[in-house]
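Some notes on the structure that comes next.
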Amino acid sequence: MTEPPHDPQALAQACAEAMFQDDHASQALGVTLERIAPGAARVSMVVTANMVNGHGLCHGGYIFTLADCAFAYACNSYNERTVAREGAITFLRPAHLGERLIAEAGERVRAGRSGIYDVRVMRQDGGVIAEFRGHSRQIGQRFFPAEPRSG
Amino acid sequence: MTEPPHDPQALAQACAEAMFQDDHASQALGVTLERIAPGAARVSMVVTANMVNGHGLCHGGYIFTLADCAFAYACNSYNERTVAREGAITFLRPAHLGERLIAEAGERVRAGRSGIYDVRVMRQDGGVIAEFRGHSRQIGQRFFPAEPRSG
Amino acid sequence: MTEPPHDPQALAQACAEAMFQDDHASQALGVTLERIAPGAARVSMVVTANMVNGHGLCHGGYIFTLADCAFAYACNSYNERTVAREGAITFLRPAHLGERLIAEAGERVRAGRSGIYDVRVMRQDGGVIAEFRGHSRQIGQRFFPAEPRSG
Amino acid sequence: MTEPPHDPQALAQACAEAMFQDDHASQALGVTLERIAPGAARVSMVVTANMVNGHGLCHGGYIFTLADCAFAYACNSYNERTVAREGAITFLRPAHLGERLIAEAGERVRAGRSGIYDVRVMRQDGGVIAEFRGHSRQIGQRFFPAEPRSG
């Protein structure tokens, strides 16, 4: 229905908005989209009581989930619906209850329908919590019609 | 305070119970411990509305989280507190709202303080949703005192 | 030209023989095919002077290469030409000059054209040197014509 | 015996030279050290007949080996002997007989004794053959005495 923006940056933002509307999981976790660009995304989330164990340390699954969100928004920024095929995460430092975690995704390479994206999960002071590498695959669908309507 | 069980199976169950008590994250997700054994664990979870996107598909982060739970209970079954150093997951098929997912973890190898565990995430009909490999590391603490009290 | 064997085990062996004939790299390394079965393979290799550093320890690249060989023969055992898309290896113990290393590959899962195979690299006494996980993809070609000639 | 250079760049080069002298495996493969810097390395190698299959395509094991070399020189550039704990490679395009392959390693993160390094393997025209991620661990030994001799 809507014509896709011609500008890559505007297109990336439009894809992210379209995706976030349907992304109940990220909304329920309180994930904020902080920055979107072609092949890149920055998201953040506060560690809540439901995400921690008895010692107040964030469950690794939620650290992965935040990284996976950043990955998803980065690889879906080209008006090509793209899914995660794999993700690998290395946990470097613990995250604590109440901390805001930031995940910053960048594109390593694209080849055909596949891509590799690297995500760093950090505390607000820049301390690295985890490093994530995701493999993506385009599924042949678009957020917006490929051929913009003329006139 | 409590003497650890001598039997490896009873010890594995005691470790799992001690861990689950503090594991608010798994409790909040509705994770059920279905089976615990030395180096092995089976857990399950129902995909809820908060875990899905607009198409009713489970967010990959929750599939990872369930696999990570199975991994955690499997590698903490020897009365040695053990943390996840890394996890890598391959997504094979989507999971849907309302499905019960099962994650079954087994030990691949232990060497020194490190271990490798493989987890399969399945639907109840056995269809494979994802395959996960986790790397663990013992941190030098125990759930129960190592030397049982005499008398 | 040749009709493919009907028996899965015979087919696996025929595929391995066809593949090994062209596999100059494995031949040059002195790799021996010890066992082939559908989805499984066992290969071995002696660590030579050209594979080691100054301390007589085998370069990790050759340990990966041996694991990758076992993976390749295992995933090519169904008369479907299959390539490695990824491989991940964890090094657990060093291997030394003169040791015969054994790599044993088994199938973890197949889904569509993709597969996951796990390989253990061992010394002859069974000590684990490394654990490898490979991701494969069928490329839509066969070793032998799919439809056997009648008569 | 020898005093280590104070300058990080000179130290990185001195470590690389000390390491390469003993690295029979890399020498036998014809690996060239093209550039060394703190946390970074660039190496290259020509694909020879012994590295290929019958179709003239380079065995994935040799592509991994070249990436692993770049990784090793990058992570050993701080006068701390460091070993590979893991390596994961994604194969994106084939490499052919006679091509010179270049592997460029950079540091992603260091935390305590552990590090993560990313390596891109390219053709000379910059086409990406593979992406590699390596995990390293310092073993508590040095190439040069830590405390330089006074006077």
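Here the chain labels run A, B, C and D in written order, and each chain numbers its own residues starting at 1.
Convention: a contact is a pair of C-beta atoms (placed from the backbone, for glycine too) under 8 Å apart; a residue touches a chain by one contact, two chains touch by 3 or more.
Quantities reported herein were computed from a predicted structural model and do not represent experimental measurements.
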For this session: Compute the centre of every chain as the mean of its C-alpha atoms, then state which one is farthest from the centre of subunit D.
Result: B
Seminar exercise, completed: Turning subunit C onto subunit D by a C-alpha fit takes a rotation, in degrees to the nearest 5, of 180
Problem set entry | Inter-centroid spacing, subunit B versus subunit A (mean Cα positions, whole Å) | 25
Seminar exercise, completed: CA centroids of subunit B and subunit D: separation to the nearest Å works out as 36
Problem set entry | Chain centre separation in whole Å, for subunit D relative to subunit A (CA means) | 31
Seminar exercise, completed: Touching two or more other chains in subunit A are residues 86, 88, 90, 135
Exercise. If you look only at subunit A, which of its residues touch subunit D in the complex?
Worked result: 88, 90, 92-93, 108-109, 111, 114, 116, 118, 120, 128, 131, 133, 135
Seminar exercise, completed: In the complex, subunit A touches subunit B at residues 21-26, 28, 49-55, 58-62, 64-66, 68-69, 83-91
